[in-house]
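Listed below are the structures to be examined.
Two complexes come next, and they have one chain in common, chain A, joined by chain B in the first and chain C in the second.
For the complex of A and B:
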């Protein structure tokens, strides 16, 4: 993504951020919508658009789980593994989903490159634990290992999103 | 110690508080750690480093008990308050020290026996003094491939990092190169650069000095020495006229490392060195280093011993009309002895120096001056001409600091440079600085504490600007000035009243029979064409006292090998007028000697032994006869330096009128473009090969595309072929060309007195 595109996105919201550094986050999230992850060029564009050094921009991106510095699958599936979800069987959902999709229990991207599975911390859906969020879409739950598998199968055949909001 | 800020207890309205049962005072605003340290109580710290800006409280090592406050408090970011009751040695605090150190060491490899920092490591020392002595952590530790090369000069061992953020803050806040950051989070955090690029910056080496553990090490120093087998000697950097205070680490007579001092000189460099000052010492072992005297005879060159050579030199110069030419880096001792020779054993000898004539600048130099440290307190800083970031590197850090403290930075000059982003800078045409100076009058007059930095070369070539600046300074009594000088000891040689006139004219007039060059390379310096012409018809003997082979040593009949500034005693005066002492941190070649010793020996062989036998005595003798050095002795100068008095007014030439036609030649000096860098293994990736720069329109007007090789021809001489770079920040009609590059490619087109020159630029 180009610095100009990023500027066009952040200029209207600039006034909402008292601390200029805070703008780096929305800029990064927007830059990521193009490819689903951030390349060196994207980081440089964010740096140019926000005025912070590329190294600083990259350090911010590296801090957050939902900003990706490596390519991901077309869709990212985040399985909540925090307390409420765990108590309600998130560990089983997680492990069975990883096994089913052939990724390690640390998560990862499926061999066909369609799906990235990752752990997430409390998604605020404790009342529907255990829950799963796809990209930055609505969170769904309660899940079972079977419904989680079905969710992934559905995502596989669904058309790729135009923009990757994660 | 740089870890703690100095506390000035002489001010009024001190705050009084209780520290471990004692009553202690400190100025308001002092951080508790500093007040305690000044009172003899060490509160252990890691992340705190007062030179890096406001404390960030990242490591939690400095916890103390403060009555009335819940829990323990971090003393590094808690200012003292009246009647505060502080305890730093209670069981609670001891418990906290144990806990924090155990935590900091959880992932630490404890590989002190193979760590370069071992023996001088704050983490090691404080663990011994304040730590628990035992860890309960039995789980496997985190491992990283080690070490990672951050650059060709700095290695990073991520396992040892305690994430204190000091290096990051140096890069982001002090040097503002923006390159170092902490990435990831928690246990995975690591210091890195953008996408793992090399950390190439002008001041990168300072992070090695401030890292409180062995995570950042200097690659040239890795596994080279142990703290208990080295000696550390306070000295001064002689690679530019800033005169940063250094510490030389010597092992078995060899210089192994140059660092900032633990006790920084806050008036000068504040403990920061530029990378050239830190790693440029490689030149000691350069292949061009002179190892033994050379006597050049019809039958060919032969090397000889000093014992045989010095009488030969005496024989060549005795009873003749001698010219002694001093280089800009010759020490006060060397220059003083040269003057003694000229009034004694070599009566009537002409002594002059290479460099920019002082005539015309004396008035500016006599205006109230400041040390670099005083830039910190300025509210308005004006930069007139020059390119301090490249030519007087550490000045850059001071300007950035002043800006951080809220100073307004303004300036003008013919060169685009790295500090122009700090404030409002205008690009002036060469020789037209006066207009810009006129616009500085209002902001300087309105300031409480203005500091004006002015470039020696630019002002000397622009008399109207000198007048304008002098008027500005005389009209604002609270303004102080700092000269951005050119020569390492230029100010010292001026203090002795040595002019740039004399030797060259005397040679041209056939008024000399012999020439002695002392650390001077006239055939490689600005104006070398004129020197080459003069020496071509000079049939007297030429003696060159030098550290390295130069164009002049190649022409000399006798070459005397001298010690470098890392190997000898001596005194040099920084551009701000601070006399500081060089001390030897290395043993020079066996058949070489310190320049001052060679000159003293020469006096002996001439049958006129001087009254002094040591460098300190030679200095005292010179100082006693020099008004500008009145009261100075080696002891008075000490390790911190001392300011000299007003330099005598020497009228050696006035300039300002441009000679020739075509593009105006503006000389530059790249920090990493000179012979020292080219010869340094450690700095090899930093070397900037010489090139000339013009505005794209200027290149187009000449029909020359970027990248082509060009030659500059002035009425005086020609440059070598250099690649052309198009840069739209260069004013049109101007060509920027670097001095000091290996082989002196540009110097031949310049005038000896550096007056303004216009050149023809042609494809070469």
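For the complex of A and C:
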């Protein structure tokens, strides 16, 4: 994404913050919506748009789980594995999904590059455990290993989103 | 189903209140008219104080007292920050308030802003709640259009606006100073306290930080009066609290109860449907996962701050996770250890190293490679973490582990002696929902 595009996003909210550093996180999140992850060029564009060094911008980006500094699949599927979901079958959902998609039990991206499967910590939907979140869409559940497989199949044939909010 | 005497208007009305008109109909924004029209900020502060409302985010600090710590100097910029990071395992109550009743939160933030003399509030919402963030964003815009945010609110001369700020996936940004760092555009690593946020918070200015549920309780406190609120529940724990119940219960969900009037047993069995037939409750993390675990013998404890402290745990966030006797306490404890290891921000060595070691040792016990000395080793780690770190994450990591080893020692010993912990069958949802 270009610095100008990022400026167009953050300029309207600039007055809401006493210090411009607060714009770094919104700028990073917005820059990521283009490709779904942040490249070196994106980090430099955020740096140019916000006035903070690229090294600082990168150190911020590297702190947050939902900012990706490496390419991901077209869709990122987060499987909650925290306690309430575990008690309701999250490990079975996770392992069967990983096996089905041919990624290790640490998660990863499918061979066709379409789907990244990752573990997530409590998503705040424990009442729908075990649950899954696709990108930053509304979390869904309760899941079974079968319905999780179906969800991934549906994502494969769905068009890629216009913007990657994740 | 409408709930009588609920503090939350969507619960009382029995339906969502996501447009201004519906919220007005349910009595919404009356408190704002009353406070901004007829009350001095200090009078309002006194109402908060007298209500006895305590923070619902985890620590339970009296809200009015915290607000009164802010300096009165009118020249200083001051801020209200709403903590909507909701990442404590087992907690999903703020999600309900935001989705069903965003205006009550907005009204509460404006009231808090008026009381402390702020002109801007921020809502810091976890990145995973993008769906909820959009609801809030729309509600903020609608409240502004209706004249409840912006300049000269409800023709009172008071100016105040709210900015929604999205996180990006980090539990530690729920800790108030980690949150402030993140809101300042930095890595969300906690600050050394003091100074407390009330003195030097956002941009080093005096800042009031409260949870979604805490701030949302303010409008009814103003309309119905501090006495009404204070009379709900015991003297030191007044009001209602929403408990999120999950795990091995047949009706997981949010249940609002009057503090002190409901026992843990009633919450789990009458509200949340209880455990499955033929099963017994084995373990309960009643205030989110960062609290000492309880057992079946604690089921008759009344739910309020003092009663829970008396049995050695905390009310915390009200995220009540239940495990029945089909579950494995050793594996569940390991799962929590992994959570804290993943979420430690790494700033303090005892927390970074300690959470890593606790996970590693519990993992080898589960895998059948544990030794009896491992229990003492874990206990020595607890002592090296407590009191030697910047924030309460580390204490929250130790609490469920140390208490589990105390309360269920025989299970840990059995796992060590018998070559590991069996992996139990999970409790599958009865009617699995369709994938979408």
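Definition applied: the second predicted complex is superposed on the first by the 160 of 166 C-alpha atoms of A that agree within 3 Å, B and C clash if a C-alpha of one lies under 4 Å from a C-alpha of the other, contacts with A are read in each partner's own complex, and residues count from 1 in each chain.
The rule is short, and it goes like this: contacts are C-beta pairs under 8 Å (C-beta built on N, C-alpha and C of every residue); 3 or more make two chains touch, one makes a residue touch a chain.
Keep in mind the model is a prediction, meaning the values are calculated, not measured.
The partner that reaches more residues of chain A, of the two candidates chain B and chain C, is C. With both structures placed on the common chain, the touch criterion links A:24 to chain C but leaves chain B unconnected. Using the contact criterion defined above for the overlaid structures, shared-chain residue A:141 touches chain C, although it does not reach chain B.
Contacts of A:98 after superposition: neither chain B nor chain C is touched. In the superposed pair of complexes, A:38 makes contact with neither chain B nor chain C.
In the superposition on chain A, contact of A:58 is made with chain B only, not with chain C. When the two structures are aligned on the shared chain, A:13 is found in touch with chain C, with no touch to chain B.
Comparing the two complexes, residues 52, 59, 63 of chain A contact chain B in one case and chain C in the other. By the touch criterion given at the top, residues 172, 178-185, 192-195 of chain B touch chain A in their complex.
Interface of chain C with chain A (complex): residues 77, 86-92, 94-95, 120, 126-131, 161, 163, 165-171, 182-189, 202-203, 205, 244-248, 252-254, 285, 289, 319, 321, 323, 327, 331-332, 335-336, 339, 342-343, 345, 423, 426-429, 432-436.
Those residues of chain A whose C-beta lies close enough to touch chain B in the complex are 40, 43, 52-56, 58-59, 62-63. Contacts from chain A toward chain C in the complex involve residues 13, 16-19, 21-26, 28-29, 50, 52, 59-60, 63-67, 78, 81-84, 86-92, 120-130, 133, 136-144, 146-148, 150-151, 154, 165.
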